[in-house]
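Just below sit the structures, each encoded as structure tokens.
Paired with subunit B in one complex and with subunit C in the other, subunit A is shared by the two complexes that follow.
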Partner chain A sequence: MRDAKRGYLSQRQSAWLLLVPFLATYALFLVYPFFRGVWISLHDWNLLAVAFNPDAREFIGLRNYQRVMWGQNIQWGFAAPLLQGLGLIGLALAVFLRRMDRLSRFNAIALGVVSLLLVVLPGFHPGEGGRWYDRRFWPTVGNTLVFVGFTVPGVTIAALLLAAGLNRETRAMGILRTLFFLSQVLSVTVVTLIWQIMFSPRQGLIANITEVAGGTPINWLTDQQFAMAAIVIATIWWSLGIAMILFLAGLQDISKEIYEAAALDNARGARAFWFITLPNLRRTIMLVVVLQIILHFQVFGQSHLMTQGGPNDTTQVLVRYIYQTGFRDSELGRASAMAVFLFVIMGAFSVIQFVVGREKDQ
Partner chain B sequence: MKHVLLTAAAAATFATGAAAQEVTLGRFFGACEDAGTDTTTSVGEPCIIQSIINAADAELDGIDINTLPTDWGNYYDQIKAAFAGGTPPDVFVMHRHRIPEFAGIGALSEISDDLASVGIDSSDWSENALEAVSYEGGIYGVPMDFHANLWHVNMDLMDEAGLVDDNGAPILPSSPEELMDHARMVEEATGQDYLAADFAQFPIGVRLVLALMWQQDANIFTEEGTATINTEEAANAVTAITQLFEAGYANPQLNYADSQQAFLNGEAAVLVNGTWVVDFYDAQAADPDVALSNYYAADFPTLFDTGATWADSHMWAIPSTLEGETRDAALQVLAFINDHNIDWARTGHMAVRNSVVESAAYTSLPHRDEYSGTAAIARDTPPSERYGAIQDVLNRELQAIWLTDKPVEDALADAELEVQDLLDR
Partner chain C sequence: MNRSYTWLVIGLSIPAFIWLVPTLWMLSLSFQPNEVLARTTSSTAFGLIPLPFTADNYAALFTFGQTPWWFLNSLIVSLGMTLGVLAVSTTAGYALARLDFPFKRVITVVCVIGLMVPEQAVFIPLYTMFADFGWHNSYHALILPRMAVPIGVFLMLQFFQAIPRDIEEAARLDGVGWLQIFWHVMLPLARPAMMTLAILTFLYAWNDYLWPLVSAQQREYFTITLGLASIQSNFAQSEGLGRVMASGVIASLPVVILFLIFQRYVVKAMTAGGSKG
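This part shows the complex of A and B:
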């Protein structure tokens, strides 16, 4: 037996051999740049100056992080009662519901952690005579959170409803599925161009409709109250497709017999959707939500191309700030520090997804 | 047919020869397909510059020019990234205000001693133009123009409001109070806005406020690097403009394209924009389908003590890393552009060469005599490596004032803090 195998690779060896192309690319284009990014973030590093003189950088330890995230005379207190109050309520709920056994251990911990962050983070504020070193960073993080907070539920709910509506084996439904997925294949430049025209107060479709209806057109992209909404709407339209496909796949996994049994119990339509479809799609929903969160934290093109972060920074998002700091201001070290911060946030959500993915069905 | 094509391709290969030197060229101004090689008839910034480049490509022996795809809004980011990656374009356009940043770290090639060898006579440049391309005593580029903010005027609206003098020139305000009076007159006579500009995205609003500050002999920061924005002069400048918004004589929410459209549609008597659109608006005014039919390009009026308008310069530079034949070829391209200063001036920009400025071809360009005072009042902020970021701070805080009702004093205080941070970095 052993002799016959001589000259062949062992399973382990062939596995490594097949993995090498991937691992090499992965190491070269992801692992190495990541650690180099962390390394750059520990330096005072001017993009242009270092290109001409490699010695023009200076090791400054964690000072970039301090300059970006901290400030002078920063104190902690109940500076944002609304958010912090919400966090306290969340904490209380997590403890209470867990005690009453209405919440799984995992969900209770998740709710607890989020609530705790909500209590702690908004509490930091500059005291008397103090200030943030970088006055734009935290507002930018806040804008990014708002964007994610509206886009993710928007995409998830819209995609779920569409998928439920289109989950039938007719030709019309097939065409509609393709149509709804089509927006996903467009690049961000095309999407933003389409929506800039849609939102234009002069020739845009939306303005024309409002005018026909007798209203005055909204300057979507330059009005403080609508700019973020405009970006969210364009993004939902754009990224509906993948979520919808995932939901369709999930829906087709649900056995017809369950619906038949439910129908006998008089659960049809909306009731069937609520009591049968949703519980069975729980894991798909979780997957879609986490994937969307990770994806949309990286929003850049919509804000950069549609509003240039304005008006008054209301649509300035983290990646755009990183880009500006790195390229416009040439401060690569500082930009890298922000990028590491973004990595930590997205890493946390990846861990959540990993944990949830491993959780056994209850 | 196939043979013809193949022969043509082969002939083209022979004609250019293996020795053709490729010169990569980076520019903004926007794209122009089919610009051709006729530099004397093209219209608008993108097409005029591309026709000059195409002509250089065709006429300069042994030089192939490859115009790189770049995007206006991200131009400098792209150039910096190219420098950082070690592949900057061999010839590229830039603004005067970027010289401290690029020349300061040695990115630009000093060409003081090379100009004569390719036939560029720097003594023909106006004093200002020479200053624009100089850095610490050396010449780092070939100037192409001065550009500045003008008041583009719809004379029909002004006429209805009784704001045209006996010589047929528009009557423009000489104080903030008069600005309001004129705006009211236009509104009452025509129902249209008095003034339009991009107050919402591109920093035209910033340039307006800067001009009004300079008119009071104030500036946003000193040569020594102290921010001076939270001042009475700045507040005066801002309120001169916000009073128009409050009274409904101007709309702060229009961006560049929308404000331009409003002007062309006859919905605003005045558009504040640069010299770069004079030939375009002139062509639009001749188009019977466009509401604007009687166009005038006026000097930025003086609302305070001294005349001033925002101005800058376009110039062409080559990277310091360039050597040998490529550098020679790049210099020839610079010379070719310098030779076509008159063509570029057709955009509406002011020429940099004395011989061009004095020529009949220049003085007879459309509307040229209407804004002949602009060269004398051209101003800009003190040089800074952080020009881009500083403009951005001002743009943000000014937008906060007119788009989000932030109190003027708060916005100016915040702007001063942030600009000081940038100057201190």
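This part shows the complex of A and C:
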């Protein structure tokens, strides 16, 4: 009221005025596209056909999801004994360790769910005369998981060790941190440019050093055994920095007194790291792992530029498959169904991230 | 300093040097003649020292080829996106943090949910939308989608929430309007947070690859990140290794300089951006 008399906007009016620019872009460029993506995934939608004639799309319900994820005569059994056996062991461990009270409830549930998925998912396979409608989809998901499965532990362990070593406020340590963080600010195309040539069997630095040492250079990017390793190495080199910084921030919160007390009990160096640093960093480690999973599950550029998904599809990853299905094959409906699949997985990890972020240290 | 510290520094210097080698190698190759590189990339010290030395690759970049143009595009897009994100994030962040209005809770929650949607899950519908509008191959097509991502709003919201209430109340007692408080009192206080957000956005814009790849099909609208991708697939034949590496160095220069000058902000920005999506 007072505001109105002076010609000012009221609190409510001000709030809406300040919110409108963001809410408008948010609604138009994020909320609407998201639902439109779900809607496209329910259609037979060819990019070029629909561009010429908007009526060329056909509503087909969930058929795109079926075409992507399912097949003819799909059965369930112990088709992948190794993975499924691992899952069974994990399930047993979760129950056993929970009974013995060696595992918190949260961890037991997490281990249980992961193990259960490991038992159930690899069990699906085409039976007699059956086939997957899309032969490439699940192998692509598998490759993405392999990539995540090597990159995330690689980054986490390396970053953790470095952070523990660099956790001193001196000039030398500051410079070393800068060196390790530097590659993080480069763009994916610079990273792939550098590593494509690093790995080149004819011109690459790695090949040059191997030759001097008397070995034969490896065709990193075109050899089925090494292509994924090459991408993982480049990615670890690229993305170690953030993890290291997050760990350094976590280490700041551990009080010096604990270490001093432990030093009296002769726990220094590696022992102190194992018995003090690791347990105190548990929450940070979880957070970094979940963050990395979300980040690296969306890998695209490294695979697209370094190996073009090859050789023989061994480095084909989910986002690249979505991109190809949509923009090379013009199958926007199927590509959108895969994008929704990606969103569901990412959403699940985001929820975990949120829970972990909220959970206070016990 | 004791002996174990010295050993620790030495022990960590070795991996740090190895970490630096790939970048150093790019820099060194960019200063070597293409004719030499076609023969061998390990002239001096595995090619890590640029001998024989030449600056021709850089000269060539600026006399022909599209690299300078792409660089300019990247600058325009990155600065535009940074300004846009700052504008919508500071205003919305302030409103959600400090003002009272109906549906505030609901709006906050709706924005939180938006943090979970990755770019890769919406780039196809965004593509069709922008195609319907006829917006592809333009600067605004490259800028607008990022302005809708709510990370910035939450960074600003958290910052504004931490400012003590008395500052506003004093201004209110003097009869100052809300918008005036926002503009004259809050924004100056928010400079460090805005700096962090600006750097986060600039880095993202400069390095983004997937959306420019989809949206900018004409080479005149390539960003440097996208342009670099387009020349690296057939680098050896067409342009010469030295020149491609020089493009890579040019493409990295702004972000590396930004990092070296504002290291503290960059680290803070990337941590904040990383830990919130």
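Going forward, the second predicted complex is superposed on the first by the 336 of 362 C-alpha atoms of A that agree within 3 Å, B and C clash if a C-alpha of one lies under 4 Å from a C-alpha of the other, contacts with A are read in each partner's own complex, and residues count from 1 in each chain.
Note that in this section a residue touches a chain if its C-beta (ideal position, glycine included) is under 8 Å from a C-beta of that chain, and two chains touch if they have at least 3 such contacts.
Owing to the predicted nature of the structure, the values given are computational and were not obtained by experimental measurement.
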First, second, both or neither for A:Ala51, with subunit B first and subunit C second: both
Which of subunit B and subunit C A:Val141 touches, first, second, both or neither: neither
Partner chain(s) touched by A:Asn312 [first = subunit B, second = subunit C, both, neither]: first
Partner chain(s) touched by A:Pro201 [first = subunit B, second = subunit C, both, neither]: first
Subunit B versus subunit C as contact partner of A:Arg12, first or second or both or neither: second
Subunit B versus subunit C as contact partner of A:Gln224, first or second or both or neither: first
Which superposed partner A:Pro21 touches (first subunit B, second subunit C, both, neither): second
Touching partner for A:Tyr323 - first (subunit B), second (subunit C), both, neither: both
Superposed model, subunit A: greater residue contact from subunit B or subunit C: C
Intersection of the subunit A residues that touch subunit B with those that touch subunit C: 47, 50-51, 323, 327
Partner subunit B, residues of subunit A touching it in the complex: 46-53, 56, 131, 135, 200-202, 219, 221-224, 307-308, 310-314, 323-324, 327-331
In the complex with subunit C, residue positions of subunit A that touch it: 2-3, 6, 8-12, 14-19, 21-23, 25-26, 28-34, 36-37, 40, 47, 50-51, 162, 165-166, 168, 170, 172-173, 176, 178-190, 192-198, 203-205, 208-209, 237, 240-242, 245-246, 249, 287, 291, 294-295, 298, 300-301, 305, 319, 322-323, 326-327, 332, 335-336, 339-340, 342-343, 346-347, 350-351, 357
Interfacial residue positions of subunit C with respect to subunit A in the complex: 1, 5, 8-9, 11-13, 15-17, 19-23, 25-26, 29, 37, 41-42, 46-47, 87-89, 91-92, 94-96, 99-102, 104, 107, 110-111, 114-129, 131, 144-145, 147-150, 153, 175, 177-180, 182, 203, 206-207, 209-210, 213-214, 225-226, 228-229, 232-233, 235-236, 241, 244-245, 248, 251-252, 255-256, 258-260, 263, 266-267, 270-271, 274-275, 277
Contact set on subunit B toward subunit A in their complex: 73-74, 76-77, 80-81, 83-86, 101-102, 105-107, 200-201, 253-255, 258, 261-262, 320, 386, 388-389, 392, 395-397, 399-400, 403-404, 406, 414, 417-418, 425
